[in-house]
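Right, one structure below, let's go through it.
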């Protein structure tokens, strides 16, 4: 029997994962679905404490980590929305992290500065999970995105996936594009206005792999062939020219009419504003609410794997 | 053997209850008293999570729901005092509720808009509890008020109950008056200044029942005959004429001298400012601190009944 | 067999402790170390709830109490950083405390006013723990300081201990000096600038005991003989003359060079700013991170002892 071992001690960047690591987490998450839905009771992490250091606000990520730890029988302490880079006036992040290490068995960190969670993982002895640092990585979001795709299609290989919206600043689409290079025969479509195209660095990363991608401005050009429509919000604030924003905005709103009779699923990391029309909510295309739920089994799998290691 | 079944799937308004439903909850609460006082350990809701969406501040209601869930062996996640109608800037309440549904087994909602908890209960698959919406309903407060009365007198039927203070804006007195129509031979006395009388709609509701009520301005007219004095605060802000406020204010302050040698109990939903003098605290008339405690067994009964259903 | 009984029902001031009480808590804490590190699971306080009323901000104290209660299998509800002296506008602290009493099995209070926790302990029936009131007492900090010293040296008697920094306003050094009078053959060195010397009242307290103390301005005069260097921060705001502050500041910064080859440990209640140079962090002199961890077994010992009593 082949024993698969999860190789990482911290979850800092999706780039640290190979395909086997990703599949390990997704397979664990499958086993935890019933506990995530509270159909079964779990005591695997009884007596363990998750510490959340959230320097930026993040309701969704924080609440889902908290719920995940509690579903596993563990508990939670935390700081949310500290609002600056330090807890006590003038204390370094290092000292704050050492405090959390003293009270907890695993840390989750969100900070506006790229690299903070890597830095913390180097100075504490408990596992560290990056829950978003600046425009950098948000690896657990990527894992739950992959989990959602696999849950719906049974596989990730051989899919055509459109990422649509703000591809320049959205960290979820960067991480997801990176991760998809580990799978076979993927075709990516990057659908964005000219000003919000996928950054050159990401494209260079992709060029070094076998993945096929195409950049375009109108989702209609590929709507008939894609399997996954991964939607992100276009923020008005990104545009210097408001007229430009108003002109292009409509082209990036997904509604029932656009996707009717297509063979695809619609995903979104949430929260959404109006980039997915509410008339999609009650269609079978809507996978974004299931994707929101999937945060729980996937984050449970990560917590359990790291703490038990 | 007669099996009583609790008929509601959500707790939205006390008007949805019949007498049997109310008594079901009160009877369950009696059984949970020892657990509420932590004389016994309970694991009935182990693995279950309560989600609290509090858009308005409410220390007392939130903490008692949290304590109630934890006494039952369950756990809690929540947002308190979000301060506006949405969690993430621009997200709809519907999407926020769908997020909570994904992480929790039961939701408690407080919002300044009447009807929000009903709306949410229509779009999520977990039970929803209204913890106060606008000037509307606060049904769990009413249940714990009824529980307190029954605990002290052994019954609710045949009692004379004075509601005193701001009867115009106070949602607890509206709900309580509604609920008391389900009991037999109740006499209600509505004691308030002219400007803060019980709203016409509530009186019309009462007129359609057999309940006897009387409106008056001075508690002294009925102090010798009432069994329950239910006190609420008169807020200065309600008066356009400050002199008017100062003139009437004293008539709505309950002190030891007023109630001495009477045969009654004093209740208050709390917090109080000065409408009950502190010299009442150490008398046997004081049932408002017990009433505060009763929030726990009653909310435990509600949570357990809905989650186990 | 001699049965030692812990005599206090509330933890208000370190002055209420005799040596036996202190050693009782320290001995209990030793037994709880493995649970504090989550090497063992504990259910001793299962079903019990700790209530935290924190009117002043205190991340470290609050999180360590919360973690301690959870390590013991109990749970937590609380208010943090209420920011003024009352929870609901106009409600008295007494009424707020009665609410917490109704929901909890033990209360922890921090308030800017000296005497608040004593006052609350007189009106509620659950144990009360003072987590800092004004410039007064912070007894659980003192207990964990003593625990840290004993853990490193095996005893507290016969040690030479320097308290350095702001000795005028720092409540931790006041409580610690008081407590050390209960031990034998202690020598204390109070190292501070002229303006921040140990208050006369504390010195008078010490004069009534057998303890030996000396006041000085420069740590170098005793660095070769002390066993413990207990460092606290000098706040710029304490000085009316900024130049004065800048002139003396450097004399109260501990760095590796100062302590190299000495036979001592460095402690600090944390958070620190720059009064201990980071080059001390990775030396064996650094006991301040262990001291931070020690908060957990010591507060666990206190919670368990009071709740089980």
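All chains are identified by letter, namely A, B and C, in their written order; residue positions are counted from 1 within each chain.
The rule is short, and it goes like this: a residue touches a chain if its C-beta (ideal position, glycine included) is under 8 Å from a C-beta of that chain, and two chains touch if they have at least 3 such contacts.
Computed from a predicted model, the values in this text were never measured in an experiment.
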| item | value |
| --- | --- |
| Rotation in the CA alignment of chain B with chain C, degrees, nearest 5 | 120 |
| Proportion of interface numbers common to chain A and chain B (over half same, under half different) | different |
| Inter-centroid spacing, chain B versus chain A (mean Cα positions, whole Å) | 41 |
| Numbers and ranges of chain B residues touching at least 2 other chains | 75 |
| Touch list for chain A against partner chain C, complex | 46-49, 75, 77, 79, 87-88, 90-91, 95, 98-100, 102-105 |
| Chain A residues within the chain B interface of the complex | 35, 38, 40-42, 59-60, 63-64, 66-67, 70-71, 73, 75, 270-273, 289, 292-293, 295-296 |
